[in-house]
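These notes concern the structure reproduced below.
Each chain gets a letter, A, B, C, D and E, in the order it is written, and its residues are counted from 1.
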Amino acid sequence: MTPEQIIFYVFAALVIISALLAVVVKSLVRSIFLFFVTLFAVAGLFVLSLGDFVAVTQIIVYVGGVLVLMLFAFMLSSKELLNTLELVKTRYSAVQNIPAIVLSLALFFILVFALVKSNVNQLDWINGGNHLSVSDNTVQIIGINLMTNYLFPFEVASVFLMMALIGAAHLARKDKAE
Amino acid sequence: MDDYSLYISDSLNGTIAGIRGIYPEIGLVVSFLLVIFSELFFVKRIKQLPFWITLISLAVVFTLTIKQFAIGDSLTLYSGMIVLQPASVYFKLLFLLSAILFIVFVRNNQQMQQHKKGTGDLYAVLIAVLLGMNCMAMSANLLMVYLSIETVSIGSYIMVGYISGDGKQAEASIKYALFGAACSAIMLYGISLIYSFTGTLNLNADLLEGLNAIPVWSAGLAITLFLVGLGFKMSFVPLHFWSPDVYEGAPTPVTAFLTTGSKIAGFALLWRVLEAFNSSGNAISVYDFQGLIGIVAIVTMLFGNLAAIWQDNIKRMLAYSSIGHTGFLMMALVANTAGFKSLIFYLFIYLLTNVAAFMLVDKVEQESGSVNISTYLGLGKSMPLTFISLLIVLISLTGLPPTSGFVAKFLVFGSALESYKSSGSSLILWMMITGAVTTVVSLFYYFKVPLYAYLRKTESILPREKFDVKLVISLVLTFLVLIFGIFPQVITDLIN
Amino acid sequence: MEQHDIIPVVSLLAVLMPLLSFVLCMFFVPKSISGKVAVSSIAVSFIASCFVFFKIWNAGNIHIQHHWFTLGQTSWDVGLLLNNLSALMILLVSGIAFLVHIYSLAYMKGDENIDRYWGYLSLFCSSMLGLVIADNLLLIYIFWELVGFSSYLLIGFWRTRDAAVQANKKAFIMNRLGDLGFLLALMILYSQFGTLDIEKLFGDGGLFHLSQFTSGEWIAPLGHISYVWLLVCGFGFVFGALAKSAQFPLHTWLPDAMEGPTAVSSLIHAATMVAAGVFLLVRVSPIFDSTVLITIAVIGIFTAFMASTIALVQNDIKRILAYSTISQLGFMMLAIGIGNNGAAIFHLATHAFFKCLLFLCAGSVIHEMHYAKNKLDADCDHQDIRNMGGLRKMMPLTFVTMVIAALALCGIPLTSGYLSKDAILISSFEWATTRSFAAKLIPYLAMLTSWLTTFYIARLIFKVFYGELRIQGDKTERLIHEAPRFMLMPQLFLAVCSAFFLFSVNPLSYENTWLLKVFPGSVALERIHSYHTVIPALLNLFAVLIIYFAYIQYARKEKAMFRENTWLYNFALNGWYFDEFYHQAIVRPVTYVSKFSFSIDRKVIDGLVDIVGKSGVLLSSIAGWLDRKLIDGFVNLAGRAAAGLGNFFRSFQSGRIQYYLAVMIFVVLTFFVLRYFSPAI
Amino acid sequence: MNLLSILTFLPLIAGIIILVAPSGWQKQFKYITLAVTLVQIAISGYIYFHFDNSLRGVDLINSYQFKEQISWIRLDLGSMGKLQIDYFLGIDGLSVPFLLLTSIIMMVATISSWEIKTNLKGYFALFLLLDTAIIGVFCALDFFLFYIFYELMLLPLYFLIGMWGGVRREYAAIKFFLYTLAGSVFMLLIMVGLYFSVTDPETGNHTFNMVHMMNPANYSGDSIFGSLAQQTLLGIPARLLGFIILFIAFAIKVPIVPLHTWLPDAHVEAPTPVSIILAGILLKVGGYGILRICYGIFPDAAIHTSWWLGLIGVVSIVYGALNALAQKDLKRLIAYSSVSHMGFVLLGTASLTAEGAAGSVMQMISHGFLSAMLFFLVGIVYNRVHDREIANFRGLANIMPQYTAFVMIAFFASLGLPGFSAFIAEAFSLIGAFNSETVNGAIPRWMAIAGSVGILLSAAYFLWTLQRMFFGQTRLMGGEEWRTKLNDLTMREKLALAPLALLALILGVFPSLAFDKINGSVLELIHHVTGK
Amino acid sequence: MIPLSNFMMLSAALFVIGLYAVLVKRNVIQLLIGIEFMINAALINFVAAGKSDKNYMGGQMTALFTIVIAAASVAVALAIILNVYKYYKSIDPDKLNKLRD
């Protein structure tokens, strides 16, 4: 059991448990917090598979941006809901879950079955030479690629972000007249 | 460090050389910026400035796109990200046409013009969406596919929720957003599986070899998950649930744009994917697209037409009818290369008829306030011009002879028959029979409109018909639909 | 115009003159002079027919044709065929018609739509004349139906009387039924020989004689079919003749046809139209083989016997005469059946004269009784012989002519009837000698029938003319007086014709009548001398006895010999219940079948649509709600099934976003599993 | 300009003029339409009499007359070759009588349209559009053009029945539309299949030209409908399946028994002029289609299925007549009688003999005149008292003598009284049917005999109606009020009825007027189908 | 070296959990969290597989783009949710069914 595997299993367990809890728990605040923990664990996994720049982006953009946004949205939208929830402690709509659980498990088994059957590890492109090593300077490679191979999507992404900004701002803006 | 230096220089040359192929996209980005500036600074003085800027810039982009025909056969740019073919140029022209008609529709739509937050932002979002569509038509890389689909989808959520004047539009946009987000998440997961199995994102031969190496059904699983995202854009059967509610809820111009623009973009992307997967001279047939499209087409046609029988809300009925037309169009795709010309012709006619239909429906809603077909009693007499052109449009949607809808259906039947002769699979035969049966069924719900408008009388006083720009445009469109029915070669000669 | 081709033009003139008068009377000529137009036109055609008769009789046939239309390869022609048979018939028809026209001048005077009457009568005459001289069977069929149509018009002339309207519908439909047989026979001949021209078919060198009948096959120039079809062709013609001449299965229309004016009955239902059946059988006689001939004979004699028994008990004067016509026609059929066409035609000619005379006298009597009834406005039936009596004093001339006609009908010597009836009876005996025992019955039955004939005509004469007038009211004798001049003249002329000398010099033996010698019999009968003397003597002896017996019975009102309401009496009175039988056996089932087929149409075909539709709709759970949403008037199968299916699809659109996603993923998964793992499952 | 094109598009132009004209000219519309129909009669009369009887047409392309062939659509479909659609009009013996019949019936329908009071502009525009479509159907020799005119007929009829019809007009209109469209959509599939199988000998690319489709040489080897390829669709030989589908599409129009339920509803609900056109001409389109297209393009399949066609014909005759016997409503009775009379057409066609086929064409012409006359007569009573129940009238002869005269002419002519055209037609259809067993064994003899029962039944229901409604004492359901309303024929009505009665009589007495024109083509068709 | 299959197993689990959340949760924001889980699952796959794609770095580059896109789409989604909240006063997906057949 190399230390590397131990860390992997720790992070994997962390991801699965926090995700499950985030989904099962009733109150929104706790689920957002658990979502926060899951994201951190995933960032850890990224570091493990030599994606350090991606891990950092994940933490800054995802955790910093998305999570905070959700908290604001929650604050703005669920005041009454929060107290009504507290009062009504019923185990709401348990029956409706059964089909969803069955469906998800079925999908899970199919995915696992597919992975096991296609024994991904022995794939020739995986074992081919072209392998990242710990010492590689991933940021430099990403930078070069960004500016050469992925230049077109980069530009399109910029327009996409600008549009999302205008759109979200338009929707959220209060009407001029009010 | 230096091992990259020589690599960088020639890729930079490739980039500069590539610019020549993406003039329209550059034009779009420039106009995107222009619109944003005009919206921010000048809108106070000249109220409709963003509209005019968008219109002019679209016209310019239109001419740029036409020039792109000169490029000749397919040209891969930006290290395999996008590939430029004559086929994608046709699709781009269709997107532009749909966008222009959308702008004109917005300009004449009462609901949009009275929107307090102004329509400037809408034009900006539209241009971005247009750029996304162009990328969909040209994408040759799975990342590019995901990025362009996300651009178009997010833009459409914004457009659907743009006014959110009442609960319905908000509900429509949230449903659209959630369903879209879920589908694109599934698609993303599909792409990640494909990437893990093959190691490359470019839709080319080595992706096929990669998929060939792994067991056939795990590759099938990955591609199926990937197609879920695509299906969302084209809204064929399993992925169609969102479209009736969204089309009914969204403002009418946006619905018109969605049923035409984004649906055609879906077809463009499916065309790109099919071409990629079949380009290797189907030496390696990884995934039986033929069978999938066949079954999905039959079920979509049946669902779209049969469910439409019940609709009383005219927009909801047109939504179901557009699902029916999607099914019918997929019949053209089955014939792959042979069906391209009939596909483009059908899409062009479908674009004209659908936009005309929505404009007329909007005009009726605006003047008589009736949205349900059952409240169209006696309108036939009081709004003669509107309802005559609506009748011709509906006849074209049904596919009865004098109109171009019939020629379009005829060409699709022809291409399907051609592919039946070469492949001989009875599935295509069943598709043609379903096509014929659903045409008869479609007659029934399309003719509910003239049934109520003409055949039924009402005592209540009915509004007079106002002769305005919207009516002129829809009359022009109806006239085109009729003329292309009688002289279709005007269009088909352009498509080679 | 050389001698030879004037005749066809003249005969054509004879046919077309009445047609011209039909057009004039119906549309152009005012009511008042329509009578004169009609009479003058029939007069011209009578003169023309005499001219043609004397030119054609025993002087060879004339047959001219003109192209009508070509259809496919065969070209159809229209033409005239004048031989002895048609010459005789044309003379007979136009003669009788001319007399009836004169008679009608008086009889129908004062009727408000008299012009229609003259129009219809002229149409009848032209179509009858046309029938007689047509040269191909299709043309005969055309005139055959036109004759039926004009009789329909004439029977229903007084169209306000429901009985008349019922009668003419019945007459036309029965004739139409007969025409089916005729048409079928035409079809067989055409498919075998490719032509319907009588001359080509049955002429001496004709096609029919080329056909051989070997081993159950009928080989003819154009095709060979099984022998059965020859029988079917024969029976087709017979069936047509039966309908027209009111023989056994299809005779019930004639007694009802008495609803029409008596003048009409005298012309159509005595002399001409009913004779057309016999004329047709003689025209196509070569077709019939032995079995068909025997059936004709049997039907003929059976009808004769049946009709005479019914006539015994009838009380309406015209119905008695109608049944007597049926029975006399039965005799003619018998004559054809035993192969002696000449006797049939001879009897047809003589019967035409005396039966027409009987009807005219009956007409005069009814005319006077009707006049008297109106005067006294008594509400009794003026045609019922029980109300008449002792008219010989008031109408002596009518009495004399009617007695002559009655004697002719019984076949008493010195009358033409004697000659023609004897011809038939004797040849039937000669025919029976060589046949089996059953066939021998026929002549004896014929003899019995002629005796019955004598009895019922005697009953009629004595009831009408002897005893005293039975209508109430005292001074009725003064009201009834002799028939007007126009009615008497035809009666007298016909009385003269009913005597023997018009046909043969020797009043007692029929052999040398000029008429018989011309027509060759289809079966050669060797002459047995003894019959020629014994049978007539026997016949007349009993006839006289029956007349005397009837005289006692009716003239001097001794005890009533027949009790009124015995079973047999009622059986005969209602015409052996044929009418009721037909009504139950044919008319009711046809109407029932048609109602049933309409209900099929409404229930089953449209119903099938509903039943299957409903089972389709059960597919979706919300059936009741569905009907409310169902577009009104949307009924048929595709519609219902599509609506059911459509609703099933639509039920997924529940509006809840998560439900959508769940269904979507479920469908994608099932599709994937089925697509890849179906062989495994 | 080619006569046929003028004849076809004259009404369309007039229709557009009416649409554009200010609605103030309401009165003039009917006169414009009448003028158009009269001009049409003149043109079709001219064509009829200048028609060269010797030229046979059917499958010999150069023996068609008054031809006009202009290339209309030339689509280049890449790998599928060039789509060649011509504007190809032409007539031969089979279609020339129908042109004259259509113009005359249209004139009569216009005269009977005097009764229409509401929305005249819409009515006469649709009326003229229908006129163009019908003439087009009879002249078109290009299958695509034929299909366009065939579908174009549906729209005006849907609205004419739907907007001016009786109580259940919507149901009748949509039922009529769905029945015909269901048939014609599958015809579209066969048309597409034929298109891809046939190549034009001159230009070498695919063609819709019906005459080229008729001769097997033009079928490319591996094509679906190629005679030698013996391809099968869904297990049935392709050519047979093609024949059956085309036959069903036209059988719905004829109509044959199982597919006839739309006819009584459509007739009962349609206004009088529309039901005159519906009965007078539209039923003939079905018969003409079977002769020209089903028998022309699939002669081999025609021989196999002739037994079934004969059976359907006989069933239609007997079933239609029995239904007519059970009707209470006069118009429904005449509708069912049309089903029965059209059964003769099918029987005559199935016999594949010269007499049978010529008889069936003659039956279509004569039924055109007679059924138009019958529906016009029913319309007269209906417009006066708005009631058609046979039981409600008795003794009409006394109060309406001239009307009764025309009714008797119409009834006796339709039940096949000699002297009128129906007798010649029905007699020769039956003779042909009977004769077919010796000539080519197409249909057995008993069918002719069963068919002749139809003549008897038609006599029964016509006379029954005549006796119930017209003779006897006058007793009316509406009593005195009806008696005043039921005045005799006006001059206009006589003007419409007289030509029809005269034509039926003239055709009956001189059938050569029609047979001479039909003979050549009928012989050619028989030769084409049976090779004899 | 941790084999790629472990990572893919993990990402499959996370994907399924995300899917379950999307189908079940009564609150739209939790539904969004479910969608984010599914996207993260894909990210894990990308980065894990990207390890052996040195010169194109397909995996890591896609991961970067995806994070950016996901962030933007969440922003727009939340803006729409606020709009919905304004009219429906609740963000329970089951309550949003005025648009139905």
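The definition used in the following text is that a contact is a pair of C-beta atoms (placed from the backbone, for glycine too) under 8 Å apart; a residue touches a chain by one contact, two chains touch by 3 or more.
On a predicted model such as this, the values are computed, not experimentally measured, just so you know.
Path length between chain B and chain E in the chain contact graph, taken as the least number of steps between touching chains: 1. Chains making contact with chain B as well as with chain C: A, D, E. When chain centres are set by their Cα atoms, the one at the greatest distance from chain C is A.
The interface with the greater count of contacting C-beta pairs, when C-E is set against A-C, is C-E. Distance from per-chain Cα centroids to the pooled protein Cα centroid is smallest for D. Chain B and chain D have CA centres that are 45 Å apart.
For the pair chain D and chain E, the distance between mean C-alpha positions equals 66 Å.
Between chain A and chain E, the centres computed from C-alpha atoms are 6 Å apart. Distance between chain centres (mean CA atoms), chain C to chain D: 37 Å. Multi-chain contact residues of chain C, defined as those touching 2 or more other chains: 634, 638-639, 650, 653, 655, 657, 661-662, 665, 672. For chain B, the set of residues touching two or more other chains reads 143, 147, 150, 154, 157-158, 161, 164, 174-175, 178, 182, 186, 193, 196, 199-200, 217, 221, 244-245, 307, 310, 440, 444.
Each of residues 100, 103, 107, 110-111, 115, 120, 125-126, 149-150, 153, 157, 160, 164, 167-169, 171 in chain A touches at least two other chains. The full set of touching chain pairs reads A-B, A-C, A-E, B-C, B-D, B-E, C-D, C-E.
Against chain B, the residues of chain D that register as touching in their complex are 73-80, 83, 119, 147-148, 151-152, 154-155, 158-159, 162-163, 169-170, 173-174, 177-178, 181-182, 185-186, 188-189, 192-193, 195-196, 222-224, 233-234. Of all residues in chain B, only 174-175, 178-179, 182-183, 186, 216-217, 220-221, 224-225, 228, 237-239, 241-242, 244-245, 288, 291-292, 295, 302-303, 305-310, 440-441, 444, 448 touch chain C in the complex they form. Chain C contributes residues 629, 631, 634, 638-639, 642-643, 645-647, 649-650, 652-653, 655, 657, 660-661, 663-665, 667-668, 671-672, 675-677 to its touches with chain B in the complex. In the complex of the two chains, the chain C residues touching chain D come out as 68-74, 138, 141-143, 145-146, 149, 156, 159-162, 165-166, 169, 172-173, 176-177, 180, 183-184, 186-188, 190-191, 222-223, 225, 590-591, 593-595, 597-598, 601, 605-606, 632-636, 638-639. Those residues of chain A that touch chain C in the shared complex are 99-100, 103, 106-107, 110.
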